[in-house]
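In the part that follows, the structures are each spelled out as structure tokens.
In what comes next, subunit A is part of two complexes: it sits with subunit B in the first one and with subunit C in the second one.
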Partner chain A sequence: MANIDWPKQGTASVLGTSPDRLDAIAKASGAAKYTYDIVPDKMLLARVLGCPLAHCKVKSIDVAPALKVPGVVAAEPMKNAGDEVLWEGDILAIVAGETEGAVAEGLKAIKLDLEPLEFYVDDANLEAAEKADRTRPAGRNVRTPDDVDDEDEYFEKLFKECERDGVVIEAEYGVNVITHMCLEPHGSTCVWEGDKLIVYHSTQNVSGTAPQFASPLGVAASDVTVICDYIGGGFGSKFQADEWSVAAARLAKSTGRPVKLMLDRATELKTAGNRPSGFIKVKVGADKNGVVKVWDSHHWGTNGPAGAPVSQAVIPYVFDPPNRRRVVTSISTNTGPARAWRAPNHPQGCAMSQTAYDDIARALGIDSYDVFLRNLPSVTNDKAEVYADQMKIAAKLMDWKAKWHPHGKGPERDGVVSGLGMAIHTWGGAAHNSSCTIKVHPDGGVEAILGSQDLGTGTRTVIAMVVAETLGLPVDAVKVSIGSSKYPASGPSGGSTTVGGVSESTRRGATAALNMLLAKVAPKLGVDADQLQAKNGRIEVIGNPSKSVSWKEACSLLGMNPIEAQGNFQRGQSENSLSSSGAAGVQMAEVEVDRETGVVRIKKFVAVQDMGLIINRKLATSQIHGSVIMGIAYALFEERIMDNKTGKFLNAELSDYKLPRLGDVGEVVVELYEPESEYNRGVVGLGEPPVIAPGAAISNAVCNALGVRVPVLPLTPARVLAALGKG
Partner chain B sequence: MKDHDQGRGRSGFSRREFLKGSSAAAAATALSVGPAVARAEEKGTKLVGPGATSLTLNVNGKDHQVQVEPRMTLLEVLRYQLKLTGAKPVATDGSCGAATVIVDGKPISAATTLALDCKGKKIQTVESLGGPEPDQVVKAFAKADAQQCGFCTPGFVVAVRAFLDKHPNATKEEIRQGLNGNLCRCGTYYDVIEAALECVKGGS
Partner chain C sequence: MKAFEYAAPTTEAEVLELLSPEWGKTEILAGGTDLVGLMKAMIITPDRVVNIKEVDTLRGIRRTSQGLEIGAVTNLDDIHDSPHLEPFPAVRQVIAGLGSMQLAAQGTIGGDLCKRPNCWYFRNGFGLLAKRGTLVAEGDNRYHAIFNNAGPAKFVSGSRLAPALIALGAFVRVIGPDPEQQAEIPLSEFYRTPRDENQRENVLLPSQLVADVVIPDLGLANAAYEVKQGCGPEVPLAAAAAALRIEGGRVTDARVVLGQVAPTPWVSADAREALLGQPVNESTAEAAADAAVRSATPLSHNAYKVQLARVAVKRAILRAAGHQTGGF
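Up next is the complex of A and B:
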């Protein structure tokens, strides 16, 4: 009998190898069908109309003129008279028609009567927000020894000591709002078959969205099938059915034709989610070695109308000095509501605080590496030793010691200076709940079926590898079916939970299937089932591999009926955990900054990352490449730009929203950190962790190059020049 | 050495040319029929529209009859009439490269090209690089794992194919400079460079 566990490190045949992703050719050759690509016969195209004002009251929305446009088939208002609209781009109406052109004309024809209301969009400016009455306290958390009565006096005393014996810095940092910018926008293709609805939905949550369609449409959840074979990006923004997709389903019903509604780019960016901003004022005291003794900060920011800013729990980030006070203020703005963005809170927390740790090094004139190393004993997780080990590896890959110069003291060549910076991160990444069916057919075919989705992680490939490892088969022997709500439910893909979740359930399911098969084979080989194992495409007697049958032969013993085994994993309830949580990583950046133009170039980036047991090394590596590049994007290029005077999102188009291009990425060196201690923890999610630290690491590298801090991300040429006093 | 002209890059087609060559660029939403009419008059051809007219498009070596309004982009016709959905609608102004197709040997954005303007031309989409024996570039993308969500990937594959056709011996630096018309949100650039280099090394 095979047990529920992983093979010992070094003994696996499939796990830890690097097969190509199963759907690579389908994706690269355009054969993969995304939601946007589903084109049922007689399909209507639909688009929505976003509100032109940042804050208003709806007096009326007249769609009748749209219905007169040739080619427009249906139109509906999505707000009622009297409704308050809280941001530019919130959706007012939907139009469906025969062609893109007809729909666009229809949207233009809609007559709006909106009563403008006062708005506020400036999230960086705390004073202005207070004046506009847009702030509210959002948390205050203090840690001091128990016997401290007067907090202010105590902090003042600590700062005085640090001033005398070490250093005190006072600084401001910030990270602007960014969007998800999924290249496939949010949306659906909705098809009714009688009273049953099929929604091809671009979603991170195949198993969880059917009820969200069913309830507003007044049908049973069991009558809704959600399908998502491929998704063109989600990053945390695609967990819901969303009102626009429900509206598309409604139009599909009323017109009797399939309807495809994908958000246009501007609406996508204004309405379908963003990452909250964070701005901080901080005073930090450290001893002469750079060990932080006291932290006192106030940060603010917005997540849209609700205001909720970056959590205080990530300030300061990973490091946790013995004395700290952190105060948070939320700012409510007339901007689109935030949604989870890859590693919620962490990238902002990292960029708002590990920059301060680097400024301690700058103030003391010591190596940033040493300051990070000396503060490791304070980390909030139990990974001080892991970080120290990872730092050593990263420094070697970066050649840190040879390249290091004190902040602002490096040589300048043709106005260009170079610099080094680092940051560390952490993330949970515990497996989500997951169930699966594993089928073994009498002809030897193997299927894994589960309601999961592939965001680009390589979910299909991971599942196939786990099943192949379990059954002693090659990866391509396993057929994987994911992407339907009719399959056994698996959790939503968020927070780096998927690879853990699906490997938990499929390892369990495949082991159960194998045990059923071994029971059939045992009598034939004249041994007990627990003396058998699956290896190299055969079922063999342990210790006596010459006594064996081929996989095909073994399966032929099943007669007419395939094996159908269930695999089930419930977080915190399942025995023999195959997964764990808690990832650590160290990243280092080397940049070149042109002091004349303010342009920052990434020369080299090193990422050392643990993720427990590694399933596919190639996919893990490319996922880290991608995270680093996404990190470079928010460190140097992208931000939402709001116009304080009109309340408009000024750069809500791809041509205006700056993102790195292929030539903007320097050398990226990835080290998959997998000592036996990590391997033995089982699978830990990887999607979020490596995207967290690039902001702080790059900001620190730029500061090391210039000798001055560019306080707010992204570090655009204009901000760099302003920090140099050339703005 | 005009390949080194600023803004032209090594790809042999500059961003500007890429956009200019697209007759719909001026009417990014493809709503206005004006530019198409003006063009038609210039060429002395018969005016068509605003309703749909029948047109033959040669796509991947085969002729297809399509019904085209003058304002329809090539992308809309490829995707919704021919169900060739490899080219993706991401930006309406060609700024992302996701809708890259090859027309008469040149990479263009199907999102900013009017279908009518492709009459009599040879259109090649990413689908022509797939099939049972995929193109070397497609295989190299798989090997280098140069796709994550994969939504940008077909556009990249076509752009890399066109670039390498023109620069079969491109260096890493030339690749870094010549493929900046395409955008990827998942951050596959590093691996796209590897894939392109693999094709240079592997020869064809």
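Up next is the complex of A and C:
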């Protein structure tokens, strides 16, 4: 009998190797069909009308003129008279028609009567927000020894001590709102077959969205099938059915024709999610070695109309000094509501606080590496030793010691200065619930079936590898079916939970299937089933591999019917956990800055990352490359630009919303950190951790290069020049 | 996108016949890299689109007695790769800096010269002058003009190539409205600053067409420098081109033209004055750069562009004279 555990490190045949993505050719050749590519017969196209005003009351939305436009087939308002609209781009109406042109004219023809209301969009400016009555307290958390009576007096005393014996810095940092910028916008193609609905939905959550369609449409969840074979980006913003897709399904029903609605780019950026901003004012005291003794901060920001800023729990980030006070203020803005963005709260927390740790090094004139190292005893997780080890590895890959110079003291060559910066991060990444069906057919074919989804990071391939490892087969012998709500339910792909979840369920399911097969083979080989193992495409007697049958021959013993086994994993309830949680990670950036233009270039970026047991090294490396690039994007380029004058999101187009290109990325060096202690923890999710630290690491590197802090991300030329007093 | 009539004539005369005498009724399609986006956003809503890429006489790179003649629909890629462009590195540098294979392969020189302005109020549907300029003045003007911005127009000229071509003394051959009508217009006089929404940003009539661009053989040392935040197909933050005649180690003729700083390409007479009679070195280039931005009038959010324009001018001058410069 095969047990439910992983092979010992170094003994696996498939785990830890680097096969290509199973769908690589399909994607590269265009054979892979994304939601955007689904074109059923007689399909209508739909688009939505975004509100032109940042804040208003709907008096009326008249879609009758739209219905008169030739080619328009259906239109309906999505807000009622009297509704308050809280941001520019919130959806007012939907139009479906025969062509894109007809729909566009239909949208333009809709008659809007909107009563403008006062709006506020400036999330960086706390004073203005207070004046506009848009702030509210959002948390206050103090840690001092129990016997402290007067908190203010106590903090003042600590700062005085630090001033005398070490250093105190007062600074401001921040990071603007960014969007998810999924290349494939949110949307669906909705097809009714009688009273049953099929939704081709661009989603991170195939198993969880059917009920969200069913309820507002008045049908049973069991009559809704959600399908997503491929998705062009989600990053945390695609867990829901979404009102626009539900509206498309409604129009598909009323017109009797399939309807495709993919959001236009501007609506996508204005309405389908963003990452909250964070701005902080902080006073930090440290001893002469740079060990932080006291932290006192106030941060603010917005997630849209609700206002909720970055959580206080990530301030300061990973490091947790003995004395701290953190105060949070939320700012309600007339901007689109936030959605989870890869590692919610963490990138902002890191960028708002590990910058301060670096400024401690700057103020003391000591190596940032040493300040990070000396503060490791205070980390909030139990990973101080892991960080120290990872820092050593990262420093070697970066050649940190040789390249280091004190902040602002490096050589200048033709106006260009270089600098180093680092940051560390942490994330949970526990496996989500997942069920799967494993089938072994009499002809030897193997299927894994589960209602998960591949966000592009390689979930399909990981599933096939786990099954192949378990059954002793090559990866391409396993057919993986995912992406349908009709398959056994698996969790949404968010929070770095997927690889843990699907490997838990498929390892369990495949082990169960194998044990059923071994029971059939045992009599033929004249041994007990627990003396058999699957290896190299054969079922063999343990310790006597010459006594064996081929996989195909073994399966032929099944007769007419395939073996079908279920694998099921419930977080916290399943025995023999194959997964764990808690990741660390260290990143280092080397940048060059043109002091005359303020342009920043990434020269080299090192990412050292643990993730427990690594299933596919190539995909893991690729995942980290993607994270680093996404990190460079928000460190140097990405920014939602809101106009205080009109309340509009001014750069809600790819032409104006800046993103890095390959030439902006520099050399990225990835080190997968997998000592035995990591491997033995089982699988830990990787999706979020490596995207957290780039902002702080790059900001710190720019500060090291220039000798002055550019406080707010992204580090645009305008901001760099302002910090240099040249703007 | 509004439904429109599509025409693909094959002769210049047919093109002119298809163009309306009224702005907004017809639009000329060359590469379409900007027009199509503006039409999809319904910022531009023509009744008819006239594709001029099928007109063979508008394509090609030819040496003539006047200089190098480049047809309006010649692809930017082809221009970049042509051996005839050897004497005009400024043009090649700008095309290489587009940062997009697609834009270079699909875009045309005529399209670039006539590209609509960069201004996010214009492109968000507030009109070219965005409430007589008040939206820009009181709103977010980080990418707007730092010269000639006192009037309602505060956008920046959309053309990437115009500064280099103006510095090189190029002119355009404009045809229409009647087929036999044509005029040669120095590119330095082609652009203008509109004063009301009925005017456009160049002197063309709605029924006229840029047929080709001629770069005369003046033998000027030249270079362009664009300040870009990254390597992608983004609009530069500031740009400059310089064309110099250097005789006996001194500048005897100079044209310095800035881009992304004004509603038109911005010819700097001050920079020219500063350079004349001087050798080209770090300090004279710096002095010319200072002179170029001395009269800048930045708006509320774009003072940093003055510094960037200064650096662009300095580096363009130094590079034109074959010097190394700092920066990337």
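What we mean here is this: the second predicted complex is superposed on the first by the 727 of 727 C-alpha atoms of A that agree within 3 Å, B and C clash if a C-alpha of one lies under 4 Å from a C-alpha of the other, contacts with A are read in each partner's own complex, and residues count from 1 in each chain.
Here, a residue touches a chain if its C-beta (ideal position, glycine included) is under 8 Å from a C-beta of that chain, and two chains touch if they have at least 3 such contacts.
This is a predicted model, so every value here is computed, not measured.
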Taking the superposition as given, does A:E100 touch the first partner, subunit B, the second, subunit C, both, or neither? both
Please work out whether A:I629 is in contact with subunit B alone, subunit C alone, both, or neither, and reply first, second, both or neither. first
For the overlaid complexes, name the partner, subunit B or subunit C, with more touching residues on subunit A. B
Contacts of A:M181 with subunit B and subunit C, given as first, second, both or neither: first
Answer with first, second, both or neither: which of subunit B and subunit C does A:P660 touch in the superposed model? both
Which superposed partner A:R21 touches (first subunit B, second subunit C, both, neither): first
With both complexes overlaid on chain A, does A:G415 touch subunit B (first), subunit C (second), both or neither? second
When the two structures are overlaid on chain A, which partner does A:A32 contact: first (subunit B), second (subunit C), both, or neither? first
For A:G233, decide between first (touching subunit B), second (touching subunit C), both and neither. first
Subunit A residues touched by both subunit B and subunit C? 100-101, 104-105, 653, 655, 659-664
Would you mind writing out the residues of subunit A in touch with subunit B in their complex? 20-21, 23-25, 27-34, 36-37, 39, 43, 45, 99-101, 104-105, 181-184, 230-235, 262, 264-265, 455-457, 618-619, 621-623, 625-630, 633, 653-655, 659-665, 668
For a test of understanding, state which residues of subunit B touch subunit A in their complex under the given definition. 29-31, 69, 71-73, 76, 79-80, 83-93, 95-96, 98, 125-127, 129-131, 134-135, 137-139, 141-143, 145-154, 157, 175-177, 179-180, 182-193
Under the definition above, what is the set of subunit C residues touching subunit A in their complex? 1-3, 37, 40-42, 99, 120-121, 123-124, 126, 135, 138-140, 142, 227-232, 234-235, 237, 303-304, 307-308, 311, 324-328
Residue ranges of subunit A touching subunit C (in the complex, touch as defined): 100-102, 104-105, 108, 266, 414-416, 592, 594, 596-599, 601, 636-637, 641, 643-646, 648, 650-651, 653, 655-656, 658-664, 716-718, 721-722, 726-727
